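Look at the two complexes coming up: chain A is in both, with chain B in one and chain C in the other.
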Partner chain A sequence: MSETTSTPPRASTPQRSSAPPPKESPNSPKIDPIYYFFLFPALLAFTLAITVPAIVGFGYSFTNSIGFGDWEFTGIRNYIAVFRDEGIVGAYLFTLGFALVTVIITNAIAFFLALGLTSRIRFQRTLRTVFVLPMVISGIIIAYVFKFLFSNTVPAIAQTLGIDALSQSILANENLAWIALVIVHAWSTIPPALLIYIAGLVTVPEEVYEAASIDGASPASKLWHITLPLVSGYVVINTILGFKGYLNAYDIVVGLTDGGPGVATRTVAMSIIRGFEGGDFGYQMANAAVFFVISIVIAVLQLRLTRGKASFGS
Partner chain B sequence: MSTASTSTAPRRMRARVRYNVPATIILLVCAITVAIPLFVTINMSLKTTAQAVDGRAFTLPAPLSGDAFAEAWSLTDLPRALSVSIFITAIAVVGEIVISSLAAYAIVRNWHRRLFRWSFFYLLAAMFIPFPVVALPQVQMTGMLGLDNPVGVAALHIVFALAFNTMLFTAFLRSIPISLEESMRIDGASTWQVFWRLIFPLLGPMSATVGIFAFLQSWNDFMMPSLIISDPRLQTVPVLQSMFQDQFSNNYNVSFASYLMAMAPAIVAYLLAQKWVISGLTQGAVK
Partner chain C sequence: MSPSPLSRLQTSRRGLLAAGGALAATGLAGCGASGRKDVTFYQSKREIFDHIKTLLAELDAAQPQYRYVHDVASNLSAGFARRNPPDVALQNYNLEMSRFRERGGLSDLSDMEEASRIRDDIKDLADWYPPYPGRTSVLPWSVAGAAVIYNRAIFDEHGLSVPTTWSEFTALCTELQDAGVTPIYGTFADAWTLNQGMFDYTLGGMIDVRTFYEQVTEIGEEVGPGAEHSFSKDWQEPIARMLELLPFHQDDAPARTYNEGNTAMANGEAAMLLQGPWALPEIAKAETGAEMGMFPLPVTEDPADLKIRVNIDLALWIPEAADQPEGARELVKFFMQPEVQDTYNVDFLYLGTTKDAPPATDPRIVEMQSYYDEARYYMGASQFIPNTIPWANYLQAIVFGEKPETMLARLDSDWASLAYRA
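For the complex of A and B:
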């Protein structure tokens, strides 16, 4: 009784499509109180560290607080100001565009790497070890390494090869610096996407491909008509997880461009934190609240758009 | 270990399998892109200051020198930052395993009770709350509570990982047959004893996964310690790298030696615990 076992079909309701969640029966056996003690630390920590700050912060978003001292209630003035703040709106547009480009590039590369790593190749395990490795390296540190490469190595190589466009550091060019951010984020976040694709690809039975080959399907059409539909659930997971991560981009941005040149690559997370360090608390909490709503809306939209294609979970 | 086993050429008789040679070559070329930043880091860190100052990434160190490591070690006072990072990481690893597994066990065994079922979804909500959104009030509150230090950061690491960890543990616990613990209960064991003597050992593989992820996340985190810890002398290794950017200036050998020492523990942990990293990620995402 204590587990949610599938209920046997009942004659009275033969057409139930799914079992309802088991009702809490008033005379269920007495609970061992120690279970509350097991659950309590997690609930308490979560409430104190996330729920309370979220509520308090939301409250402050309607004030002119600077983080300490007196404050006054200012209604929705902060929210109006946020939408009129070119710096903040710019950060939103930049972050959305950056997240979109990065999620597409990262997923495309991760998918093809996963295809390669699940085919019959030499050095399979070693290669997988290598491709997963970037995941374990601190974002800010790898950003510093890439900063060196983009500022010294790439221009030096471009000069010897006579490529004028790259002879200056792309980090100093406000129209190109975002490309560096995409490259470093891709380098650093392909591994988790790759592992999820590998997990998906190994579930596709070999016989499906064999049957398709007998019918004369080309490799490209097998990829498009068989592999992709079968792993579409994994594409959804990777898109959602990836998008969420890139929307919150901070560490790598701080290390690589620090939002510059100027504010060309400033992300929303950076605008919230830099604004706060500059003395705006209430105002940046309004920014954070808007950011939270946008994050949720995007996650829900992604789930809606892909509903039906996703065949994962229970 | 994997390097050794795969590079010894035909190791089994069934090596008759036809390998996909073009795919192998393409992947090897792609692997170079992964290797370049790491190669450059090692290469630069082994140079002398006189050689490194020209900023050439691919000239080999001549002469080989370990001076940069000694200099980075003392310049950044690395031992202190290392002890702070180890302290935070250790608390996060132990805390995440214990708190999440206890909560997951209570939730799974009482799933039919509303409080426990709802608690699960409550904890899962953390997945949708980005840290920047709650960061500012957290900075304020940790300051007021005297937690603007490594202890506070470790606590926040535990909380932000709760959702993912509890999900992993509940998925695993559902696969453990209840008959195992019923026989133990008939022998008079309490819930506490059942958990620690039977369930916790069975959770071993999951705890390994949770532990290695806790280690990697805590060790590499930059954002939380940089915002929460107010005393610069109590900063962690990644934050230290940003604090010393100006002082490294063009002494590239010193900066890269510092980066290498900062990333080495995570790389070593990954190579030793690769299996758990990979299984944790795929299970966590698919469940």
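For the complex of A and C:
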């Protein structure tokens, strides 16, 4: 709730009382140049490796470049082609839907797991380790392992139990393959979300719950009226980071379904990368520019919707 | 504060530095000691790395000037974009590769004696993809002849002989099915196997692949319902025929992959597999002793229409921007020696490309040779669609039940869009 955001930080940073008062106007306090020095390498790397190539790439989106050799300006043809491209539009719709479902499922599960793992339970540390383990496995390996499970193990079990619906691999079913993607993405991305929720839950002071208990609040209303509002900031972080991650889904999709069956699970990132490989550089640059704008719009919307409502503990 | 963690950190740092120094020293020693010039040789076909390693060691020993460095994983597009491509390559030749050639990235080798030894029709095979006028910039080195792989024992057991017409083929499949044998093993989960197999075989057997692509390239932006030629129009019939093959596959084909197909063939779980010669060594790895053969898939009622699917498995080329063109040419000469080239093709079940190459004798591919020599072949129709159009996925959708018209219309519009923005 909003009142929690206005709570001043309890431990404010100690004043450097020994330092002489700054000569300049109070609006521009002297900043130790060492901070710029710390920032510089990262800024340089980011500029050279991300910003500059992105701007160059944006320039190429107005050409028919295939990535090397001669090219010509083609104006906004690539952008017109993007909006006319049925496959790309389909990939956008799929990616957005997939990201939405996955972010909800992942956050719900991670939140409740975090509740469990921060309560006074036995083997708390061991369990936390176990639940965080999937984080250290690379996406493509997770994808291959699950591909085997979905194509062989699950159908075998289903056949033994006589469950007809699952006796064929869901990866081979155009209407169900996305569920496999959601499951695997959730499995591999719950751990980071879980860590953030655990970090958030331990900041909620015990006294608040004690006070609530005295007032006779039930566990459910404590969760709804105390815990959730107090960690809402962490929910926002997880939603934005998660959504961004799922929009860029690539490795697990390639390993698990390769966009199939058919084009049922083709994501935007996959279309872009495959296009690059196929020498469709200018066009996919236009596609990437459109995708970038959409991602930014979504992130800004998320921030707007949650502005002033986010709280990071007490 | 205890000093121990810090000092431990320092020791380990020193250790790291020492290790790094040692590594750097070995690296330097490796490259500078002999005064040889490094020639980067690009070759990324995993199955033959050991073979290539042996050959390069031989080549290094045979001359004092160059040291050949085997590059297995660089990004070729990035290399060409930065004007820093490998010096020479022995690589699969396909549409993606042909871009480097079309834009003049590959040098002319027509003055080399080796170039004149290559069969004219095979040189022409490289020109199915857009060439660069006036240059012989690609030397085909090995050709894969692909068709229907069949289990000889299963055919013998049921008294079957190799079919030469569509009706003979379907009758054979029905007979196998009645006897409780899966006629064809499907690996539909790997969409490329659909492209390579049932799709390319049916298309190649029914239409003139090269002419068709010349037509739709010509029509370009206008490819679609109203055009004289389009994917929807020209492919409708072959796709319908291809779909008639589906009932002859095992039930779980949609969930099976390429590797599982090879294992299944080795274990005699099915009579046939629509794959190329590269699958044969994989099938042999299971060591079940199952004997394989190959025959072209008949898709018409005329045995004269029988053709095999070929592709340039490996080709030699030297980029214009090569730093060591002379060293690169030495390598080309070495690889084009009959004892090197022919040995590879015999050992790895490919077809030779030179006029004097010995015919294939391995029983698994021996049936391919006559088709190859009589130029009764086609390049796979799937091999002319750029990667940016996910045709393999469209095809998989068709096989899984989507209406062919829908996906072919989409291919038409993708093709037109590509021409529009070119």
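Miscellaneous remarks
Heads up, the rule we're going with is that the second predicted complex is superposed on the first by the 267 of 314 C-alpha atoms of A that agree within 3 Å, B and C clash if a C-alpha of one lies under 4 Å from a C-alpha of the other, contacts with A are read in each partner's own complex, and residues count from 1 in each chain.
Rule of thumb we're sticking to: a contact is a pair of C-beta atoms (placed from the backbone, for glycine too) under 8 Å apart; a residue touches a chain by one contact, two chains touch by 3 or more.
Remember, it's a predicted structure, so these values are computed and weren't measured experimentally.
By the touch criterion defined above, A:263 reaches chain C but does not reach chain B.
In the superposed model, A:139 makes contact with chain B only, not with chain C. In the overlay built on the shared chain, the residue A:78 is in contact with chain C alone; chain B does not reach it. Ranking chain B and chain C by residues of chain A touched puts B first.
Using the contact criterion defined above for the overlaid structures, shared-chain residue A:45 touches chain B, although it does not reach chain C.
In the superposition on chain A, contact of A:67 is made with both chain B and chain C. In the superposed model, A:171 makes contact with chain C only, not with chain B. Residue contacts after overlaying the shared chain place A:53 against chain B, while chain C stays out of touching range.
Judged by the touch definition given at the top, the superposed model places A:31 against chain B, while chain C stays out of reach.
Comparing the two interfaces of chain A, the one with chain B and the one with chain C have residues 67-68, 276, 284 in common. Against chain A, in their complex, chain C makes its touches with residues 77, 80-81, 96, 99-100, 103-105, 188-189, 191, 252, 254-257, 386-390, 393-394, 396-398, 400-402, 407, 410, 413-414, 417-418, 420-422. Residues 64, 66-70, 74, 77-78, 81, 84-87, 151, 155, 168-169, 171-172, 174, 258-264, 266, 271, 274-280, 282-284 of chain A are the ones touching chain C in the complex.
The touching residues of chain B, when paired with chain A in their complex, are 2-3, 5-7, 17-20, 23-24, 26-28, 30-31, 33-38, 40-41, 44, 55-58, 99-100, 102-103, 105-107, 109-114, 116-117, 119, 122-123, 126, 128-141, 155-156, 158-160, 162, 166, 174, 178, 190-192, 195, 216, 219-223, 227, 238, 241-242, 245, 252, 255-256, 259, 262-263, 266-267, 269-271, 274, 277-278, 281-282, 285-287. Listing the residues of chain A that touch chain B in their complex gives 1-4, 21-22, 24-25, 28, 31-32, 34-36, 38-39, 41-43, 45-46, 49-50, 52-54, 56-57, 60, 67-68, 113, 116-117, 119-142, 144-146, 148-149, 152-153, 156, 187, 192, 195-196, 198-200, 234, 237, 241, 244, 247-248, 250-251, 254-255, 268-269, 272-273, 276, 281, 284-285, 288-289, 291-292, 295-296, 299, 312-313.
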